[in-house]
Amino acid sequence: MNTFGNIFRLTSFGESHGKAIGGVIDGCPAGLEVDMDFIQQELDRRRPGQSRVTTPRKEADTVVFLSGLFEGKTTGVPIGFMVENTNQHSSDYENLKDVFRPSHADFTYYTKYGIRDYRGGGRSSARETIARVVAGAIAKLYLKQIGISVTAYTSQIGSVALERDYTQYDFNEIENNIVRCPDPQKAEEMIRLIEEVKSQGDTIGGVITGVIQGTPAGLGEPVFGKLHAALGAAMLGINAVKGFEYGSGFDVDHRGSEVNDSFVKEDGKMSTLTNHSGGIQAGISNGQDIYFRVAFKPVSTILREQKTADIQGDTILFKARGRHDPCVLPRAVPIVEAMAAMTLLDYYLLAKSH
Amino acid sequence: MNTFGNIFRLTSFGESHGKAIGGVIDGCPAGLEVDMDFIQQELDRRRPGQSRVTTPRKEADTVVFLSGLFEGKTTGVPIGFMVENTNQHSSDYENLKDVFRPSHADFTYYTKYGIRDYRGGGRSSARETIARVVAGAIAKLYLKQIGISVTAYTSQIGSVALERDYTQYDFNEIENNIVRCPDPQKAEEMIRLIEEVKSQGDTIGGVITGVIQGTPAGLGEPVFGKLHAALGAAMLGINAVKGFEYGSGFDVDHRGSEVNDSFVKEDGKMSTLTNHSGGIQAGISNGQDIYFRVAFKPVSTILREQKTADIQGDTILFKARGRHDPCVLPRAVPIVEAMAAMTLLDYYLLAKSH
Amino acid sequence: MNTFGNIFRLTSFGESHGKAIGGVIDGCPAGLEVDMDFIQQELDRRRPGQSRVTTPRKEADTVVFLSGLFEGKTTGVPIGFMVENTNQHSSDYENLKDVFRPSHADFTYYTKYGIRDYRGGGRSSARETIARVVAGAIAKLYLKQIGISVTAYTSQIGSVALERDYTQYDFNEIENNIVRCPDPQKAEEMIRLIEEVKSQGDTIGGVITGVIQGTPAGLGEPVFGKLHAALGAAMLGINAVKGFEYGSGFDVDHRGSEVNDSFVKEDGKMSTLTNHSGGIQAGISNGQDIYFRVAFKPVSTILREQKTADIQGDTILFKARGRHDPCVLPRAVPIVEAMAAMTLLDYYLLAKSH
Amino acid sequence: MNTFGNIFRLTSFGESHGKAIGGVIDGCPAGLEVDMDFIQQELDRRRPGQSRVTTPRKEADTVVFLSGLFEGKTTGVPIGFMVENTNQHSSDYENLKDVFRPSHADFTYYTKYGIRDYRGGGRSSARETIARVVAGAIAKLYLKQIGISVTAYTSQIGSVALERDYTQYDFNEIENNIVRCPDPQKAEEMIRLIEEVKSQGDTIGGVITGVIQGTPAGLGEPVFGKLHAALGAAMLGINAVKGFEYGSGFDVDHRGSEVNDSFVKEDGKMSTLTNHSGGIQAGISNGQDIYFRVAFKPVSTILREQKTADIQGDTILFKARGRHDPCVLPRAVPIVEAMAAMTLLDYYLLAKSH
């Protein structure tokens, strides 16, 4: 269950305060040129300490490849890699050794495993997503070769929200601000909101929108392996995610006659006049843009006093210490992209086996 | 990809106009008493022709078990079963042999498989969900033994919506009306709306809410097999589903301090004061109620003229014939329950292997 | 665990005295013309009552397809099928309701499932292999299109054994005798031996040789999915099989200098001068013939009195009744072929995903 | 395909001349005390340079754990580990950059991946089995707790062979000689034979016997996941293995009446009078000793001149250089044990999910 994918498979390992976070990528086609700078750049987009709206923790997060590459290319065998944990302060967590923090993994992990690895969330820490970003970066490199791009951006933080329609926005703007929002004005509002929330020792949730362009028609597996079901499972596997919708999603107050996408042949290629389907029909891509939205709850770790129970069941007052994100979305954008890229590549390779 | 689950596994087969729809359930524990009346009753809740807001097609949908049972109990070996297709009119579909119906599976299946099985949607027909309802009924019987119940209800149709908070409603009311809504007044509004939509040859979408009660803490698999990711994939695998959220879901405009669920020991058992988490924390059940919402688009088949393309790419005018559902939700309630029940049982059995 | 394969997958169901034996084939490519006569002919090769060296039970074993075919071709969706059980006499088995027959599944199934389905072996009956023969026949039809053939023959019964080297034999002779042995004289000896054994109410073991010709180089998955490991698991999954070897196998008393296969380019294609490797090197096919041997123990059911224990642990004398095979090999030949064909097709499709 | 197991899963990575060999163990139960000395001791049994009958290459092969352990115990999350490659001489392999060595992976890997990683066999190198030995050692530690032991020994080298019956031998003798043979006299003969073969620059094959004791009845999954099929696949996945048999295996010239194992209740436990079944009946363990034999071909790399083809198809004369094993069996004993231990633990955990 620490393995993701069918053909292109990532097995991830590592907890926040262990020696390293890493993974093994199995099923990556041979002969792919691996752009190390690009991979590091993706990790840097996820890295803590990158801006004033993220945790101030500084981590280099440098990836080391252990296998699977030869003369700069993939060889078809497993790609092992790791990122050493260098700046973890276990001491930040000593005071919570016996605490079940509200809405954290403490209680459920303890119940499941019978062991309390209290050091910074252990395996439930979002630090594990490092492995996904590395594998996602490699997936992106492959997808680029076949004309598929994956883009995500912050579309809502608290009450500050963009329009649903992603076509209104210029994706080139996304990396121009620290919240990764393609609307510069909304971006500023989001930043102000996060700073306000942070100053109160609090946290805030939001929504990330993902867009996949260039997908050929025909990817997806009926009936339990629908492309959007795989995408949804991928997104719901990201820490703090509470919801997933694609195409018209929860915007259900419509008639069939309003939202049906009519087919039309354009330039020798079958297309649709509208795209309420979100690029997927009956679980299979139809060649249009795939778009989806992912809901993130506010980070559970707040720097305010909270009442909760300890391991004995006694009610206690508890206040987190250390360096934490007031809002997870800016750093989650590359993670959403990574999971989407792995899913797409996996389904692309799967479709080749038919 | 026609197999669902890890330990409790359903492999389904069958298309709307073939001989039969059926499946094989593998991994069902031995010794479970199988209540045939209950299974048939669940099928009847899914059956077409059950009320004036569903398709008038009449199908008996009687299940025949082919293996896996001995003296009324499961034996631990695969349970094969089928439901014969008796009332399918292929003639209803002859006029769409060469049509790519808007928002239907026609184009994507044709692209994927290179074959056009035009008879009623073929494998993409919701008739396939018969197999899921049978397997889900068996899962429910097992879950009942261990104190877990799965309940779903229609919480929104078009603009008629219930409150998010499921605890306000009396689940005993659900089966008292033909839309399966626990609020009798809203149910009437929903029925009126569907009838109006139907009279226009149109269709309408909505939301189904699911609630799982009695789940022990500790079910769920980090990091890619989170319980809610499995539930989400299960729901997104249902025909016409466009979104899934659990707990606070897309209701993201909140601070951590507002939505964190504090632990408290009650009656010797760890509980939470609130349940914004939706019964799942870090992908693992915490013993509280699991609740989630599933968005359904309006059915694509409308009885109105639509413009679209045919297989040659020519634009044509097209109007569906036959007997169709104006709104899929009333019949989808048991399907949501079935998928949730299978997921829970699968994860319950999986947890036993640790 | 009742599913075989990765891409081309068979899920089988059914026990000897249930309603039907059947299966679901998932992942069969669309557009394959399905020759029904060929499938039935394969079933007939497995059928009981086909000759004087098999059980006299008469079963028609007629397959009914329930889904997945349209206008005589596969559509890419699951192929459901079944063979009804028509000539099972449960009364044959009433006397062994409480007996743990020697070397049978009775004790282990009872221990595993806590249930005693005493009717003819239940799921452990070789009757289950019907599903494999059907799926194997479909796999053969596909393989034929791409130039791959799968042939098996009886190479040893008791002490009557052919030479290891399959190239000495004329495969056209195989179906000319009732033991399916390509050497007519040895075939007669084998038949005499089986008849002698049968007259004593006893049974006898042997070896089946399999040969796969036309496999392209490059099929097989390092490191745990080696092609011969998959073939071995497939063969060891057949009832009564006790061993598997390929290429030089257990003939280990050789030096590397004797058995290394040197490469040579012939007609523009890389070949080897010898083929001790059995067509597979480092788990991947090299384009030469794949050959292997499968050991079968004597059938456990003998018509002689045996001492054993009953369910209470009391020692009893027990004698089987009914109609049984004195030697399983003649009927196992098509099963070996079926498993080999499914394995090859699965790996062929898997290789396409790289 | 670089993942082994269902519940207890090893994903391995690494090639002989990359940075490191390693793996990720997923599904290991939490709370297992990990005896580091034992793990290193198992690696030492596999290590090159351990005696005069193995390759003289010296490698420390020290394992570093990267995750999954806390305070000396497993935590239930993935156990990442690696062994750095420190003594690989790529120069040993420069002369074979363009050679397809006889019976080696060179040609098949090149055909499959289109890339020639010529450094010491790359992924096909037996050095990859380091990952298996580490994971197997952890599996052994768990099995020990539940009373299951796994023992392997060299039972044949070339023409020097022990009796089939393992009960004749004292397992305490196994580690007393460098070929790991429980018969001291035969061990000396084997050593002399290997030394003779080595002096000729040649290699020799043999057989390893495995014995699993203490397995409870009831492990194994019909019909495709039979315990012996899983064991067989595990063994056939080891480099240089050409055959697998269990119980009576290829010793097929027997009547049913001779080899049927009668049940008898002894000390309140069901047992069998004989054990031709090899501890497994109908794919499920019956509580008796499980025993099996594994055939190894002679190592392909010989220090003698051989004729073969190069990448252009030209016939060339080729002679290997470097430090190689004249006989792989002494070092393969712990690998056989590791694969058996992983298989048993996997099936033990799987059985708990029923």
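First chain written, first letter: the chains are A, B, C and D, and each begins at residue 1.
Just so we're on the same page, a residue touches a chain if its C-beta (ideal position, glycine included) is under 8 Å from a C-beta of that chain, and two chains touch if they have at least 3 such contacts.
All figures in this text were calculated on a predicted structure; none of them were measured in a lab.
Undergrad: Looking at chain pairs C-D and A-C, which one is connected by more C-beta pairs in contact?
TA: Of C-D and A-C, more C-beta pairs in contact link C-D.
Undergrad: Can you name the chain that lies farthest from chain B, using the mean of each chain's Cα atoms as its centre?
TA: D
Undergrad: Averaged over CA atoms, how far is the centre of chain B from the centre of chain C? Could you give it in whole Å?
TA: 39
Undergrad: Report, in whole Å, the distance between the mean C-alpha point of chain C and the mean C-alpha point of chain D.
TA: 27
Undergrad: Once you find the CA centre of chain A and the CA centre of chain C, what distance in Å lies between them?
TA: So the centre of chain A lies 46 Å away from the centre of chain C.
Undergrad: In chain A, what residues contact two or more other chains?
TA: 1-3, 12, 27, 30, 76-77, 112-113, 123, 222, 354
Undergrad: Using the touch rule from the top, collect the residues of chain B that touch chain C in their complex.
TA: Chain B residues touching chain C: 1-3, 9, 11-15, 18-24, 26-27, 30-31, 64-70, 73, 75-80, 82, 112-115, 117, 119, 122-123.
Undergrad: Quick one: which bits of chain B touch chain A in the complex? Just the residue numbers, please.
TA: That would be residues 1-4, 12, 100, 102-105, 107-109, 111-113, 123-124, 128, 156, 158-159, 197, 200, 202-207, 217-218, 220-226, 228-230, 232-234, 236-237, 239, 242-250, 252-265, 268, 270, 272, 276-278, 280-287, 293, 295-302, 304, 306-309, 313-315, 351, 354 of chain B.
Undergrad: For chain D, which residues are in contact with chain B within the complex?
TA: Listed in rising order, the residues are 7, 27, 29-30, 76-77, 222, 349-350, 352-354.
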